[in-house]
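Right, I'll just put the structure down here and ask away after.
To keep things simple, chains are lettered A, B, C and D as they appear, and every chain counts its residues starting from 1.
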Amino acid sequence: MFYREAGQFKTSYKADQALFPILQDRIGIAAILLIAFVAIPLFASDFFLTSIMIPFLVFALAAIGLNVLTGYCGQLSLGTGAFMGVGAYAAYKLTTAFPDANVIVMVLLSGVFSAAIGAVFGLPSLRIKGLYLAVTTLAAQFFLEWCFIRIPWLYNDNASGAIEVPRREMFGFIVTGAEALPITRYFVVLCITAGIAYLMANVLRGRIGRSWMMIRDMDIAAELMGVRPLQTKLMAFAVSSYICGVAGAMMVFFWLNAAEPSSYSIRLSFQILFMVILGGLGSLGGAFMGAAFIWILPVLLKFVPGMLGMDIAAETVEHATFMIVGALIIFFLIVEPHGFARLWQIAKQKLRVWPFPY
Amino acid sequence: MNAFVADRAPAPVEDAGERELLLRVDNVSLAFGGVKAITDISFDIRKGEIRAIIGPNGAGKTSMLNVINGFYHPQEGTITWQGKVRRKMKPYEAASQGIARTFQNVALFKGMTTLDNIMSGRSLKMHRNFFWQLLWRGPAEREEIAHRRKVEDIIDFLEIQAIRKTPVGRLPYGLQKRVELGRALAMEPELLLLDEPMAGMNLEEKEDMSRFIIDVNQEFGTTIALIEHDMGVVMDLSDRVVVLDYGKKIADGPPEEVQASQAVIDAYLGVSH
Amino acid sequence: MLYDIFIDPFVQMYDMPDFFLQVLWEGFVAGILYALIALGFVLIFKASGVFNFAQGIMVVFAGLTLVGLHENGVPAYLALILTIGVMGVLAYGVERVVMRPLVNQPEIILLMATIGLTYFLVGFGEFVFGGEPKQMITQELGLPTGSTAFEIGDRGLIILQHIDIAAAVIAVIMVTALGLFFNKTRIGRALRAVADDHQAALSVGISLNQIWAIVWFAAGLVALATGIMWGARSDVSFALEIVAFKALPVLILGGFTSIPGAIVGGLIIGFGEKIGELYWGGLVGGGVESWLAYIIALVFLLFRPQGLFGERIIERI
Amino acid sequence: MKDFKQFALGTAVALGVGLTGLMAPTAQAQDSNYVPLLTYRTGPYAGSGIHIANGMHDYLQMLNERDGGIGGVKLELEECETGYNAQKGVECYEATKGKGALVYNPYSTGITLQLIPKASVDKIPVLSMGYGLSAAADGNVFPWVFNGPDTYWDGASVVIKYIGQQEGGLENLKGKKIGYLFLDAGYGREPIPLLEQLAEKYGFELLKYPVPGAEMQNQSSQWLNVRRDRPDYMVMWGWGAMNPTAIKEAVKIRFPMDKFIGVWWAAGDDDAAAGGEGAKGYKALNFSGVGPDFPAIDDIKTHVVEAGLSSADPETVGGTLYNRGVLNSVIIAEGIRTAQELTGKTVITGEDMRMGLEALNLDEARLKELGLAGFAHPMKVTCEDHSGSNPVFIQQWNGTEWRQASDWIEPMNDLVRPLLEAAAKEYAEKNAPWPARTEACPN
């Protein structure tokens, strides 16, 4: 009823292969973009921008990165945090080595380094599969974390052992550092995330995306159809790590402002993995939904007791948050193991046939 | 006939035994640890024929197909492909030389739609690199659409238009087999290996599938090697039959000849060894 | 440089044999403890195909419950029994609430569910017992404390902690008991049947739900033993959860389903990382223990993808 | 299962509605002084964090209960749980800064580093008492950051000075071996340059034993190394669960405990108690009072703890880390009071607070007035020196409680101060363009 595609005829393969072949979807995505680019900047408070939207977009990008690897190519990775760290440290080295270069270019370049390192740690994927591979990616996680601490060159020998984001300007706007306005940082993060999401959508609907999914669904059959497993998997590792690297760089440059190695610990890897799984493996939209759920829900939960006028100690709220998030994760996995993306499809299906049940 | 078929000239009809050699298997043996799957088997496949490989369960038929498309590497023996002795190769190399196959237990890409599954057969023919793919607009999109046309021809040929956008996991078994055939056809192979294409089908589906196989062979000129248990189908379809039992070749020749062979009768009726 | 890598460590081992023995002993103890954690993983994976990431937090949770009960005035042994009861309730709850609805889901979904369980247990444990680290009630439980020193030669000295010896003994007892349980009892046989083939086990009338509850309970007991031992080495706090990651390379080495694999893998990792850290770690500034085990496992896996005790994988289509 | 799905969809919608509510900026009525407390009672470092949080909260709460706040204005306290996690730290900062926050105490090096550049932009000072960035002691470069009474470099120099005293003079350190066991993070690595400099100057050998954060509770390798190297003294820069584990391991290898000295963050009661009888003799630096025998602590007990307003276990009141939290709050409270005096306002802003902290003068008389005579060394902040490099004492564990074991020892200011200034300069250069100080000096 509300979501009816009947009567929308495609007259060319081009139209049929568009990203959003259905009119309602096009309207929906336009509305979301309108909200993101116009409504939020106009009405949102600084807290909403810095503590909800910016982290949400950064995490969504990282979730897209991991989704490429895990959701589309079927290679489970627990090293996301470290790959994000590589991006952050690379961006820091680049922008301090070339202070006059455009910082956004540096952030985008930093992903190249994490892509290279990701590809190296992807090599075992040729022989090792499934959960075994997941555990070996932990080697990347712990080894890289150790490098972030042990190689002072990476953080320019700072006494604090951390990377501190210097002030950088672009077109007269301060985009990084403490003086950068939340709104500026928000726009940068939004443009990068939306841009990469769009480009990835292109890759995923073409030959390369298909070859990843072939490997995921049945690697032996894929190989017998001419897909080179090593090349394809390494490419997935590289592309995934590139995206995660950029997300990691954005995390410190546009959100945290300074980062210790512990910012890129195994916990971050789990956080991102949760977003991907709850959002829905193999769905770009799901990455956004998962990121929203895992990041925004705990932030909101903190406000609940205050709104209800209850005086509960901060740590009790934290404990409750942990329990609720944990329980909800299990709950959603039980309800719909294919994540929010599938729930969204079911919802669309319901809207399509509404008011009839089927 | 549609554009896809028009590309291919039908093979001239001649006696199967005198056609040009496409593939020859010489004295091949394959073992897993101590278990011998194939022992000293030789036979050939000639261009344009339908070659059947039959035998009781566990005779080594699927292993033979796996050897042909490079998935298993025989410990002994040689394989000659289009006149050249083949070195040890990876499966994807076999694919790029024009060997396609279907599988005994349907091996479709379960998370993808029918369309995507058949498109995946075009992987080797598509060449736009990652950066064009990122952009999509322009060459990548044109390439995609060009291949989509070919795939649509196959969809028309197999009469599966209605399930184009359906994830293959939701299809009934018979249709899955058909999609799998479509995927193999999309590779435009020289040699098509079909591993029990009619297993688990009812009579009507078998008839459809037989028709597709004959059409593919006669109109596209594709050489086909197939494993099948239904003797009626084998006898009707194939030009020559090779019979395996316990990893050994026990007969080879035209269907009528094989059918009359005492060794084959013994193997199927279970004479003790 | 080459000398430092290839010769010096062996010279050191030869020069200070007492120290080398001590290193081996520490490696042995650490290996035993890793093996115990890995054992918990193996039990659950074998019976249900679930890679239970919550094993680490179960170790903490079991330890906290034990100490928390004791702090509230429950006598040590009673607290131990009650804790065993709590682990039983936990096992039953997990089976009812998590496992049963998620049966037949892909392994990654089950893995995620156990991480969700981890979050829940962290919140719940801190809510009930608070976040402060707690002292393990070693003496109250009648576990030995103190140490024995053996003198070797003039200045050689090997110190063995009694608690470490106890840990080794308890580990051996637990493994033996589990082995007997699996091989000699009806439930054990049922469990092995389930490990081989869920469907087939169901068809001969084995209750999967019951088996799962039992393995989760067994894993809980192993977690409790680990919690006590590791708690006695440092203290019982939520940071301990991270130590449990060490069981993962052990699992890779030993295989996800092999109990002897967990033991041997644990010992290899224990010896490997102690010897690596003490004789080679200094070359890169030390502290390599956090990743050395993974690299050992990774290299090993590249040459033997099926693990220590796994059979060679034949891929079929 | 279908109902479940509908429920899930419903939840999603509800979440969306909740989100829109958050979009509206929050306004805050100003009739109190708002002090956000970034604390952590959860996570791997909760063991140390809880006591500090209790101390900080209880002292300020006591001022509210006993005196009705400061200068007649109540303090509005709000704890925000960071879990020692940089992500949540920033969130807490953003959530509270709009409410008129006067000062931030992050209690995490990572969060401190994030806040330092923001302090001057948002005009809210950062008080990182005895942690954070040592270089921030240079008030000319970091007008908004206060890290008294001491930096890690002060602490490291005091340790070496104390070891010198034990050996009968710094010159006797020649040829000695001093082991340095540290949490392998920025925190533990910071003292290394100074220790190396001292090693060169006094001719002792510095042996480094890093403890990776993930291996905090698995230190047997480090202590095997200690056993092999046989250092004469061990110095520890640990935090959280690392401390009790290290002390237990030291007991295990029979290291002489009176030659094992921890930094002031390795001075908790739980840390030492973990070692049991064997930990007797363990020493640690400290700059805040030992034990509960101070009038102000008594007031906390009567007005806060016994009134049920504290989440502290009464037995822990007066513990080292609890008292550390109290000292932190004393500095906050005195900063507010000084700011009120300077500006004549009762409800002050972050900028006023900065002046108050910069003009802070906690002399002996004032400490006595506060009921805290001898609780801390008198400290005076100047515009140049935001740390003060104040004397520190050594405390020793007697098996059940801490006892002061030395007089106040002055840090080696001649060595530390140039290092601090050089580090501050370096920080400003690396973070160029770093804003030059424009804030007037209140002194």
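Quick note on the criterion: contacts are C-beta pairs under 8 Å (C-beta built on N, C-alpha and C of every residue); 3 or more make two chains touch, one makes a residue touch a chain.
The shown structure was predicted, so the numbers you read here are calculated from the model rather than taken from an experiment.
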Item to check | Pair of chains joined by the greatest number of C-beta pairs in contact | outcome: A-D
Checklist entry - Can you name the chain whose C-alpha mean lies closest to the mean of all the C-alpha atoms? => result A
Checklist entry - Farthest from chain B in C-alpha centre terms, which chain would that be? => result D
Checklist entry - Using mean CA coordinates as chain centres, what's the chain A-chain B distance in Å? => result 41
Checklist entry - At what distance in angstrom does the C-alpha mean of chain D lie from that of chain B? => result 72
Checklist outcome for this item: Per the C-alpha centroid definition, the whole-Å distance linking chain A and chain C comes out as 33
Checklist outcome for this item: Expressed in whole Å, how far the mean CA point of chain C lies from that of chain D is 35
Checklist outcome for this item: The positions of chain C in contact with two or more other chains are 126, 131, 242, 245, 285, 287, 290, 315, 317
Checklist entry - Using the touch rule from the top of the page, what residues of chain A touch 2 or more other chains? => result 142, 145-146, 150, 220-221, 224, 266, 315, 318-319, 322, 334
Item to check | Shared interface positions of chain B, touching two or more other chains | outcome: 71, 103, 107
Checklist outcome for this item: chain C contacts chain D in the complex at 16, 19, 22-23, 26, 29-30, 126, 130-133, 135, 145, 147, 159, 161, 230, 233-235, 237-240, 242-243, 245-246, 273-274, 277-278, 281-282, 285-287, 289-290
Checklist entry - Where on chain A is chain D touching in the complex? => result 40, 43-48, 50-52, 55, 96, 99, 142, 145-146, 149-150, 156, 158-162, 164-167, 177-179, 255-263, 265-267, 292-293, 296-297, 299-300, 302-303, 313-315, 317-319, 322, 331-332, 334-336, 340, 343, 346-347
Checklist entry - Touching chain C in the complex: which residues of chain A? => result 70, 76, 124, 127-128, 130-132, 134-136, 138-139, 142-143, 145-146, 150, 220-221, 224, 266, 270, 273-274, 277-278, 281, 315-316, 318-330, 333-334, 337
Item to check | Complex contact set, residues of chain B against chain A | outcome: 69, 71, 90-92, 94-96, 100-101, 103, 107-112, 116, 119-124, 126, 128, 130, 133-136, 140-141, 143-145, 148-149, 152, 183, 187
Checklist outcome for this item: chain A residues touching chain B in their complex are 13-14, 17, 199, 202-203, 205-211, 213-214, 216-218, 220-229, 235, 239, 282
